[in-house]
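What follows is chain A paired twice: with chain B in the first complex and chain C in the second.
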Partner chain A sequence: MHPIELKSITKRFKATEKGGGEITILENLDLVVPQGKSVAIIGKSGSGKSTLLHIAGGLDSPSEGQVFCNGTELSKLDDKARSMLRNNHIGFIFQANLLLEDFTALENVMVPAMISGRREKECKERAVELLTKLGLADRMNHVPGKLSGGEKQRVAICRALMNSPEVILADEPTGALDEENAAEVETLLLDLVKEEGRSLLLVTHNQDFAFRCDTVYELKNRNLREEKALS
Partner chain B sequence: MNPFVTLWSRKRVLKRGRLTSCMILIALVMAPLVCALIFSDSMMEGITSKYIYLSDGHLQVSWEEGGKELSRFDSSGLKDMIYSVDEVTSGYALMYSSTATASIMVKGVADDYFNERRMEQITIGIPSQTTASSSAVHGIGVSRTTAEELQVGIGDRVALMIVPDDPDKVLRPVLCRIDWIFYSGYDQLDGLLCFTDVEYAKTLYGAESSTCLEVLVTPEYMEKLDDVIAAMEDGYDISKWNEHNISVYENFITSRQMILIILLLVVAVAAFYTASVAQQMVQDDIQDIAISKLIGASDSLVRKSAFLSVYAVTVAGMLLGIILGLLIGCNLGPILTWLSSLGIKSLSFYLLDFDITVPWLQVLLISACLLVISFLAINISLRRTRRITPMRLFTSL
Partner chain C sequence: MMFGLKTSFRYAFSRTRGQRATSIMILCGIAIGLVALLVISAVMNGLQTAQLDQLRNLESFDLIVSSDTLTASQLQDLDQVETAFDFLETNVLIVDKTSGVSSSTRVRAYKGTDGMNVYRDSRMSESLYILRGNSDSMEGIFLSYTMVRKLSLVSSDDINITFLKPGKTATIVPYTAKLPVSGYFSSAMTEFSQSTAFMDFDLLAGTIGGEGARIGLYITGNQNKVIKAILALDPSAQVVTWQEYNKALYSALTLEKTLMYVFLAFMFLIICVNLKNSTRRLLANKQKEGAMLRALGLGRRRVNALFLGQGLVICLLGEILGVVLGKIVIANIQNILAFVDKVVYAVTKSRTILTQIPFNAAIGNWEIAIVCVFIFLLSFVFTMTGCRRIYKSEIMEVILNASY
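For the complex of A and B:
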């Protein structure tokens, strides 16, 4: 049983042009994200990396194939169960950090735990611990609009780790950051994942970042090709 | 309650100007409604009291063909039910002054007729030096309204053209002197009434049918007049005040029902407005809703959060409106007095001085109507959150 397992995934989209038929973006693709390991997917823009990550996280449905999260097939879950699974087992980090603009950094980090029904005090303690660990102790009560890009991304990482999920799905987490901030976030993310024994599915253009992961695949011609095998 | 729901609602209520304006609008709708309820209920209660205490009593006991004489009526066994029993002889007359005429009802009453409860309904002006009682001209009390209409004052003489009950009798004029002037606060009733001594009234309206006993009941039995009637001895014709003033009574009942229906409709419209606020809030929060769903909030949790925000604001607006309405409603007397000082003629149809009654049941009814309709309307309009999926974040970016 793996945190994430994709079997024979095919994804087709309707072409935007009238009468354009369907475009197949992923075809008969298999992927396993093992427990405690990091997997990176690289590939050209438009190759379907993000689509693959969305399917793996249960955000989008495949046209064919099955997605398993800890052995549970996602297509068999209703909205509530799927939401609960996303809340407890998966942490998301995106290039656009997708923070709640009206909420402070602390509240943003607390939200996943609050959704799962944990007491506010308990949520706060864990959120403060994570924010402090990522060097944001003095920025906790700032809303995202008052934080720099790097700080926002660190808040997003904290939020992803808040419920101690088994797997982190990260889509270009450093894509919007300058070199210095990007390097810092890369290190933080990989260290945290390793430290806390989480699995990571990373989608990135950044080859250096990708090759710091345990396994690297390239998404090309609608399928994955292994670039770096798990040692 | 899920802590996320509380946090989300708190943030929305504090942040959104639209929610604040929703609260203000609900308060501005509720305040006049509560005020209108207080006004209509208090006014009707007040006018009813004027009719009961000055015109008809709670019950009227009259002679019945083949029944007992009124003088033998015995209420000594009903002390817990009956506050007072007064013999009254009344009839209609035209009152003439040197300048004008008024159509009035002459009520002959004994000296103790104006007991403590009746005195709460009336202000009587008696001059310090009364006119010589030895005069052959009988004294009467007229209302301030009639005195103004006839342009007379205390000590002036007026002619009464007595209209007898018996059509065979001829109209006859009598001369009277105005000894006192009263004011009940309700011009419509005041304009009809004129008081004189009961014995003198008997000489004017001799028929047995012109005399009756006006019964006032104790406060505990005001709403149980049928019980009092049932407890009274047989052999008399007993009627309730509203049977004598059927049009006034029916008017009150119909007005009360119509006012309530109109207020309920207004409340319903206000409640539907909350649905549009909820709809707009969802529209404004699409991104935040999608993010919440991305990190694991189910649709029902998102809906609960959005519902709580709008509903909390609705309830707060409602409470604010009720408080505001109560504050204004409980000070209607001074407001009406001020309006009357501006010379607004239509106020003669209302009391300017009356006891405030808060119709809690009706206030509760319109509040419940607001809560139920807004509950349903908000919930229905929030169903659109179902269409907001986390994928919306990526398709709209």
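For the complex of A and C:
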């Protein structure tokens, strides 16, 4: 039983132009993200990396195939159960950080825990701890509009870690960061895998970052090709 | 729960992407629409009530009884009867002394029980004002001030009045009498003033005979119960209700009321369209955040509830503002109309009719409650349908394709 397992995944989109039929992005694809390991997916822009990540996290549905999270097939769950699973077991880090604009950094980090019904005081303590750890102690009462790109991404990481999820799905987490901040975020995510035993599914263009992961796949011609095997 | 409420309120008045301006626009739209609905209803209600009160006070009373055996004193003793009095009515011709032209009018005479002055001591006094003369001892004829001016008369002038009275050889014969003008009156009903004169009951009965006398009643309670009691005393009595007596006018007022509701329904429709479009905009502004919250683990229903809360917070505040403003406007409607009249007069040199008609604008709390509940329900429905449209799509589809 793996935190994330994809079996025979196919994803088709309707073409935007009239009479364009369907475009197949992923075809008959298998992927396993083992417990306590990091998996990176690299590939050209538009190859379907982000789509694959979204399918793995239950944010998008495959046209065919099955997605398992700790052995539970996502398509068998209703919206409430699937939402709970996302809330408790998966932490998302999006490419464009996607923070809630009306909430401060602290409140943004608290959101997943508030959704799961934990007490506000408890949530606050954990959020402060995470923000302090990521060097945002003096920025926690700022709204996203007042934070730099790097700070926003760190807030998004804190939010992803808030409910101590088993698996973190990260879509270009360093894409919008300068070298220094990017290196910091890379180290932080890989440390979480090594030290806390979490799993990481990473989508990136950054080859160096990808090859620091345990396994690397390249998404090419609608399927995955192993570039670096789990040792 | 607390997270949902807090987020709903924050979204309702979010400073991002003009959300606050949209919310305030919706809030004001609801408030203004509600004010318009309440004020129009109140004014129309007031005008109709005033009109109906005048009909019942002056023209027809609540009930008119024709009976060979019953007397006003007997009916006065019935339960729920406020005032009972004899009344007599006949058509006459009054001759204009300057032009010599005759004009038709009707003469009425009332006689209260136990020496009561009907003009002064009954509900009639609410709509009839004796401007000159003593209604306790009517020696001549009381004309309306409108008629006095029309006929160029002054008090104590004699006028020639032609009655139709029972004759010896013919059934009805004309009889002309010279009577002094012993008083003037005015009333809230222009038509009544233009067509009515008053005389002493005994004097009129002595002139035309008292056979046509009927009994007028002002009642306090259920009209049907009083009719039942009258018929129990005299099964052959004929009782005419004020609705029957003023059938044409009453039908017109009913039609007017129906049309008013149709008109208000159109206004309501305009509010609905505004509410629907604005609610959609509110949801569109936050659909991406809604999808983000779903990605973070908030279920579809809870996200719906959150947006529902946002819409209902705005709706509720709009309604509170609308009801408060509406009540203030209704309470000061006469001053507002007077101001409007001044402005209209300054521009057009003519007066608006509303300032010349006495009425009390009023609206029942249940009417306000019904309108508010409808608007609240509409807001609920529009938010729900808006949410359903948004959540037909996959989470990432919304996040990637949302315009914001």
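We take it that the second predicted complex is superposed on the first by the 230 of 231 C-alpha atoms of A that agree within 3 Å, B and C clash if a C-alpha of one lies under 4 Å from a C-alpha of the other, contacts with A are read in each partner's own complex, and residues count from 1 in each chain.
Here is the rule we use: a residue touches a chain if its C-beta (ideal position, glycine included) is under 8 Å from a C-beta of that chain, and two chains touch if they have at least 3 such contacts.
As the structure is a prediction and not an experimental result, all values here were calculated from the model.
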item: Combined model on chain A: chain C and chain B, fit or clash; value: clash
item: First (chain B), second (chain C), both or neither touched by A:119; value: first
item: First, second, both or neither for A:86, with chain B first and chain C second; value: both
item: First, second, both or neither for A:139, with chain B first and chain C second; value: neither
item: Partner chain(s) touched by A:11 [first = chain B, second = chain C, both, neither]; value: neither
item: Partner chain(s) touched by A:154 [first = chain B, second = chain C, both, neither]; value: neither
item: Where chain B runs into chain C (options 78-86, 240-248 or 348-356); value: 240-248
item: Residues on chain A lying within both footprints (that of chain B and that of chain C); value: 54, 59-60, 79-80, 83-88, 92, 94, 98, 100-103, 111-112, 114-116, 120, 159, 163
item: In the complex with chain A, residue positions of chain C that touch it; value: 2-3, 10-11, 14-16, 288-289, 292-302, 394-397, 399
item: Parts of chain A lying in touch with chain C, wherever the complex brings them together; value: 51, 54, 57, 59-61, 79-80, 83-88, 92, 94, 98, 100-103, 111-112, 114-116, 120, 145, 159, 163
item: In the complex with chain B, residue positions of chain A that touch it; value: 50, 54, 59-60, 79-80, 83-88, 92, 94, 96, 98-103, 107, 110-112, 114-120, 123, 159, 163
item: Residues of chain B defined as touching chain A within the complex; value: 2-4, 7, 11-12, 15, 288, 291-301, 389-391, 393-394, 397
